[in-house]
Amino acid sequence: MTTVTLHYFALLREQRGQSSESLATAAATAAALYAELAQRHGFTLPVTHVRVAINGEFAAWDTALRTGDELVFIPPVAGG
Amino acid sequence: MTTVTLHYFALLREQRGQSSESLATAAATAAALYAELAQRHGFTLPVTHVRVAINGEFAAWDTALRTGDELVFIPPVAGG
Amino acid sequence: MTFRISSEPLDPNALAAQLLDLRAGAYVEFQGRVRNHNEGQPVHALEYEAYTALAEKEGARIVAEVAARLPILGAACIHRVGRLELGELAVWVGVTSAHRAAAFEACRAIIDETKARVPIWKKEHYASGASGWINCATAGPAAATRITPPAPR
Amino acid sequence: MTFRISSEPLDPNALAAQLLDLRAGAYVEFQGRVRNHNEGQPVHALEYEAYTALAEKEGARIVAEVAARLPILGAACIHRVGRLELGELAVWVGVTSAHRAAAFEACRAIIDETKARVPIWKKEHYASGASGWINCATAGPAAATRITPPAPR
């Protein structure tokens, strides 16, 4: 198991019901973790509409998770 | 002879040495009048670089002059 | 060259003053404000949320990329977060350059890239009491989740 | 929709305030200022002169043409005349629209057309004491008349 911290923003924050959490997961990659959480919390955004940041930087979905990682799933942006 | 009023701006005002004048001319068109004055006052701008306004509106160089017309020869503009 | 997220109201005059430069013949500014409608619906207010650390990092990259590509003298982009009322300033971009072509192109590129890349999200509150996160509608049944009906009172 | 020649200094904040519109999500502004150099020569000051009656007529046509072509909500262009010092505002253009593309395009078109069509002339005073009317250089011997050497003292 890998223990990571998650921060949620915007629609994902509302669907998760909280801004951040620490959790232990068997998911090997960021993509697998998103799938796991989407199923558990009913996230409506397909992974194709979401990006991921790991430790403060945009990352590839197939990045392997390591204990201590901070992840943010990034819904479609809408600044301006 | 036709009597017209002329207003001068920018380089043409400086080369003419005054801002306006009334004059009687034998020139039949705006173009002929510019040629006459360019010769008399040493205007350096060729007619191809100048436009003419008659009675407050841009006009064609071959416009026939009529007594009472107000003419402005317009050097290349440089606003902004 | 600046990109910043602000939870305080933006003062365009103060921001513009910081870019004054005697070498600059041209200054172009963009202001994005909360307008009173979107896709036909009357809008009541907006809420902006940012992943501030990454937003400022990505925003600084955008400004640097544009400055590397175009002959500009200065550029700044400030994006507001929090709840905004109608007419309030949500984003401000200012660019100076010797000549106007680069200032227009850079200003446009900075706001375009900011809207496309910077992790900032916008929730619209409609006059009806409904609200929705912009760009978060998804195809199929999930589309319905974009608009949240007003809570019962 | 406004085009005006002004012999008084321009106040960009007051000008921008007149365009505020709750329907406008986008505001684009252009400022042309006296820069301290032109084509490599240090500039000391500028003098603008206008054929005001025709300038305001032609300027109003430009703004109306742009407003007919693009979906904008408001537009104004004010051009200063008289002697201006370094850094002073020579021309100000502001445009509002629902979305940014039209505001950028309209603002750019108004300044481009103004520079190309409106009877306003600019004389640059150089640090050397020389001066010249911009765009009035001509081919051949006449080119020398563009730059007037300083008057003997």
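As written, the chains take the letters A, B, C and D, and residue 1 is the first residue of each chain.
The definition used in the following text is that a contact is a pair of C-beta atoms (placed from the backbone, for glycine too) under 8 Å apart; a residue touches a chain by one contact, two chains touch by 3 or more.
Everything numeric here is computed off the predicted structure, so don't read it as measured data.
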Any chain in contact with subunit A as well as subunit C:
none
At minimum, the number of touching-chain hops separating subunit B from subunit C is 2
Rounded to the nearest Å, the gap separating the Cα centres of subunit A and subunit B is 74
Per the centroid of Cα atoms for each chain, what is the distance between subunit B and subunit D, given in Å?
24
Centroid distance [mean C-alpha coordinates] between subunit D and subunit A, Å
51
Which whole number of Å gives the spacing of the CA centres of subunit C and subunit D?
28
When you check subunit B against every other chain, which residues touch at least two of them?
80
Please list all residues of subunit D that touch 2 or more other chains.
32, 100, 111
Can you list every touching chain pair?
A-C, B-D, C-D
Interface residues, subunit C side, partner subunit D - complex
12-13, 16, 20, 22-37, 86-87, 98, 100, 103-104, 107-108, 111
Within the complex, subunit C is touched by subunit A residues 7, 9-11, 13-14, 44-46, 49, 53, 56-58, 72, 74-80
Quick check: in the complex, which residue numbers of subunit C touch subunit A?
32, 48-51, 53-55, 57-58, 79, 90-91, 111, 114-123, 133-136, 138, 142, 145
